[in-house]
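You will see two complexes here that share chain A, one where it goes with chain B and one where it goes with chain C.
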Partner chain A sequence: MKKKLLLVDDEVEICEFLKSFFEDRDYQVATAHSGVQAVEQVESFRPDVVLLDIQMPEMDGLSALREIKEKYPRVKVIMVTAVETQDRIEAAMRLGADNYITKPLSLEYLEKDVQEKIESLAGI
Partner chain B sequence: MTNLTRTNRQKKTEQKFDYQEALRDVARSMVRLKRPDRLLKLITRFIDRQFGLHHTSLLVHEPSKNRYVFVNSKGARRVPAGLLKFDSDHPLIRWFALPRRKTPFQEDYLLLTDIKKTLNKAHFRLAADSRASELVKVQKTMEVLRVELVIPGYFKNDLVGILMLGGKFSGRFFTSSEILFFQTLAHDCSMAIKTAEYNQSLLEKNRELENRLQEIEKLRHKEQRTYYEIIRSLAEEVEAKEPTVFGHVSQVEKLGMMTARELGIDLSGQHKDILSAALMLHDVGKIGVPDHILMKPGSLTPEEWEVMKSHVEKGAKILEPLSDFRKVKEIILSHHERFDGTGYPRGLKGEDILIEARIVSVVDSFHAIVSNRCYREGRSIDFALQELEHCAGTQFDPQVVEAFIRVIRREIAKGRIDVTALQH
Partner chain C sequence: MMFFHLRNPKTVLRKILVGLILFFIGAMAAYLVSLSLPHVVGNPWGAHPLTPILTMTLIFLVAYKPVERCVKVFLEKNIFRKKSYAQWTLMELAEELRTNLDFQELSNLIVNTFGEALHLKTVALLIRDVTRDGFEIASAFGWPLATSRRIFLGNDSPLVRCIHRMGPHVLVRGPLLKSLSWQEANEMARDFDLVRSCWVLPLFSKGDLIAMIAFGAHSPDTVFDEWDFHFFRKFGESVAPCVANSRYVQGLRRANFELQDSQAEWFQKTKMSAIEKLAAGIAHEVHNPLAIISGKAQVLLMQKKRTPLEPHVEEALNVIVKQTRRAADITRKLLMYSQDSRAPQEEISFEKILDETIALVGYQASLDKIEIIKKTDPSLPTFWGNTQEIREIFLNLFLNAVEAIGDQGGRIQVEVRISEGEDVIEIRFQNSGKEIPQEDLDRIFNPFFTTRHEAVGLGLFVTRQIVKRYGGAIRVESQSGEGSLFIIQLPRTTAEGETPRASAEKPKEGTILVNKGA
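Now for the complex of A and B:
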């Protein structure tokens, strides 16, 4: 079965870039551009891993994280932060985020991290 | 590629595209644009439009974090600004960064097609195993980002930026003159970035220095002000010890300033403050003279007289920490010198004595004559002026005496001098 990844960022371009990157790596990828969409997509697409931007309009990353983790605690969520949102990392980790990465990203590290989360799921 | 085919290709492309002209445009933009981010944007857009590439990306070194961030990107496979970075230990960065090694292609660029060819060469794989594995990683990065050509930009020996280019829509290869053009462009960008960085840090440093200097100057000024006030109260203390000369200081100051003006001395800016301070503080050293000498009704013994005379040096010493009033100290030290060279403490003569000191000397003596002292009644103004005239050329500078007499006569005529007030 294909690895399923949900990308959530209000910037469409970022989603599109990462989508093609992960599709090249044999992932099945869905995208969402707000917290509300993200929760909907988790319900319908059932991803293994969610890459969730912490700062978005219309329900921010933290609220989306809370809902996702309440309904689907098995889904792995990696938060994406920027320098100016680093103060929210702690809150995210308390809400059950599985990891966080900071923009600008290292593609190699990102891929490794997503891969690890998938593997940890398979291990359960 | 042989030199011959290279030249031929170059000629061919030059007909299509004037690189010289394009570079001149860029150079002109560099001069116009003070902010390098706008220049980089401009260059990215320029390459994107001019060469028909799948994408064009520019990475810039962030010195504070020692990483390379994608700042500008154009085309279908563009990398959103600020999304990706290469850390300094990334294989691609290591490939180009210090120490600058020659790539196997003898050039400062990497073409994906060349890498493939090189990796296929058995001797390269065998000769430089670690280099080959590094090159494999570089190749992978280029493939992931769909990059065909990588051009590093250096300033001196620092890798400042990297130009990453996707393939051409036409499917054609990059020509050597195109690569050369990109290299020049990358070099120009690096220079612009570094110059802007340098200017920025210089500006900041300058501003910081200026602020600090201003603060120091303010503090110093405040300190000097405080010290000056202390000395002034000391001077008042001295006067209080000799109740009969109360008012002396302000009188001496007023008459002294008028005499200086009469002599046409430059009293602009600090000059005025210096003379004023000297006139007011000239006897401050008396604070160090014991009261029994200072207030002795009878005449002083030679020993007592020596102590009395030391007040000029003591005054100068008190003034020493006031760097703004270095000249005041000199005036105070010299106000008992005599024009003929027989005064104290140094026996200076004529014009070797500061003009300000010569003024203080005349005004102070005048005042001493007319004032009531603990040992005698004050004399009349006429008597005092006669005395000054008598001593002009020996004790006093005759020109100062003349000017002073003119001032006094004018002031009396205008009713501004109250003879009894002087005689306190």
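Now for the complex of A and C:
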């Protein structure tokens, strides 16, 4: 079975290059551009890992994170942030985020981290 | 037993004069007695050889003390003019004090002049607290150095109660104690002992007790009469308003300083929050495009196995990735200093952080022929902090040093050691580069201060902010031809709970905040 990844970012370009990058590495990738879309996609697409931007229109990343973690606690969520303020990071971690990374992204690191999360899922 | 060599010549002269006069009076009395006795006392006693001796002994026993005191007072008043001279000095002082508004200077003047002019053993000017439950020593003469500055004499203490009852009169220990019951006298004596005095001159301003001058003499011989007390009272009345005024001015000055301080703090805070907002805004707007640029470049680089890249294209892509990260670092640094640090706390290994930082800058340093010498005290105590922040300190200092040295080659010497009774961790960071001009020494820690065109000027500023968060201090010394020396002092932290951070910045759930992304 293919590893499933949901990319959530209001910047279409970011979703696109991440999508091509992960599809290259044999992931099944879906994208969403707002918090509301993200929650819907989690329900329909059932990803293993979600890459979730914090600052987004409609529902922001933290609210989306709360909903996702409430409904699907098994889904791994990695927060992506442009501005790493301590209180945001702290809030995200308290809501159950599994890690956070900051923009600009290091793809190498990101891939390793996503891989790690999926492996930990398989281990459960 | 007298040791005259310890006394001043005037005192010796005084003793000799008193002795001579007493001897003269005694001789005169003896002569008069021997002359008049036969006429006064009839035979057989008048002719008896023992009669004059007995009479003289009788007269001596009864009259010696009063006569001696009279002679002394006479001498003091007429020959040594001690009191009149003292009074003149004190009046001059009172006059001078009218124009003096420096509270400390005024207190010292009063105490010293009082003590000198009246040959006193102890003098103290005690200022009443605002809280009214005690006095503070403004200035003292003849008091042990270790005396605490506060004297606990509340409104209900016998001495203060007595002052309120008597008004601005001088309180004299001896007669006052005699007029009280045994119990009251004991309590009063304790208060007099507390201020080490025999006399207390209260100072009233607008009907309010504001201070007192407490003084004591060397020996019980020193006596003041009614006139003296009257003079002291007048002196007190003229000095009290000066004390009150200067005290008021002192309060105003202090308030002014505090106001300036809080203004500066407020200014700093508003300035910071403005920069913080700006930085957060810029970071958001800039990091997204940067993420796209860098992301696309990384995708291309990672696909090179499938679609090989020209070497110069690959190099260009690498540069793009590197430079986007550098651009993001600027806003990140801005953010870092403006935020309260709620960064996770962990046990810091200076050795490890230093090694990592040297590994980072080592390449550049070796290109510039810079020798890095590292020295860490193996017995450094456990230090709790945030590794990122401590690394930032070292990194900024290294980058600063590398810039200061330039490509001429040189030396960077880092030492982490424990100092000042093992309570402070000291980082000494010496570089052999260009010295910092004297006029820049104060400014190098300011934000956006830089002498280089391509630099942002936040490195040392951020460093200082971090050091401050740990309750520490940073300073720089620079001398021509010797480069510069940065000294950072961080108060030692013994346990996770005892971090010296200024406020409640301790992470509530610090342990889960592991930044794996770093």
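One rule holds in what follows: the second predicted complex is superposed on the first by the 120 of 124 C-alpha atoms of A that agree within 3 Å, B and C clash if a C-alpha of one lies under 4 Å from a C-alpha of the other, contacts with A are read in each partner's own complex, and residues count from 1 in each chain.
Criterion: contacts are C-beta pairs under 8 Å (C-beta built on N, C-alpha and C of every residue); 3 or more make two chains touch, one makes a residue touch a chain.
Worth saying up front: this structure is predicted, and the values here are computed from it rather than measured.
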Joint occupancy of chain A by chain B and chain C, clash or fit: clash
Touching partner for A:Leu121 - first (chain B), second (chain C), both, neither: neither
Chain B versus chain C as contact partner of A:Asp113, first or second or both or neither: second
Partner chain in contact with A:Met59 - chain B first, chain C second, else both or neither: neither
Touched partner set for A:Asn99, first chain B, second chain C, both or neither: second
Which of chain B and chain C A:Glu11 touches, first, second, both or neither: both
Partner chain(s) touched by A:Val36 [first = chain B, second = chain C, both, neither]: neither
Partner, of chain C and chain B, that touches more residues belonging to chain A: C
Contacts of A:Asp24 with chain B and chain C, given as first, second, both or neither: both
Clash with chain C (superposed arrangement) - responsible stretch of chain B out of 61-69, 223-231, 277-285 or 331-339: 61-69
Common ground on chain A, meaning residues reached by chain C in one complex and by chain B in the other: 11, 13-14, 17, 20-21, 24, 103-108
Chain B to chain A touching residues, read off their complex: 67, 69-70, 77-80, 82-87, 90, 144
Chain C to chain A touching residues, read off their complex: 280, 283-284, 287-288, 290-296, 298-299, 302-303, 324-325, 328, 332, 335, 339-343, 507, 509, 512-513, 515-517
Complex contacts: residues of chain A adjacent to chain B: 11, 13-14, 17, 20-21, 24, 103-108
Touching residues on chain A, where the partner in the complex is chain C: 11, 13-14, 17-18, 20-21, 24, 55, 82-87, 89-90, 93-94, 99-109, 113
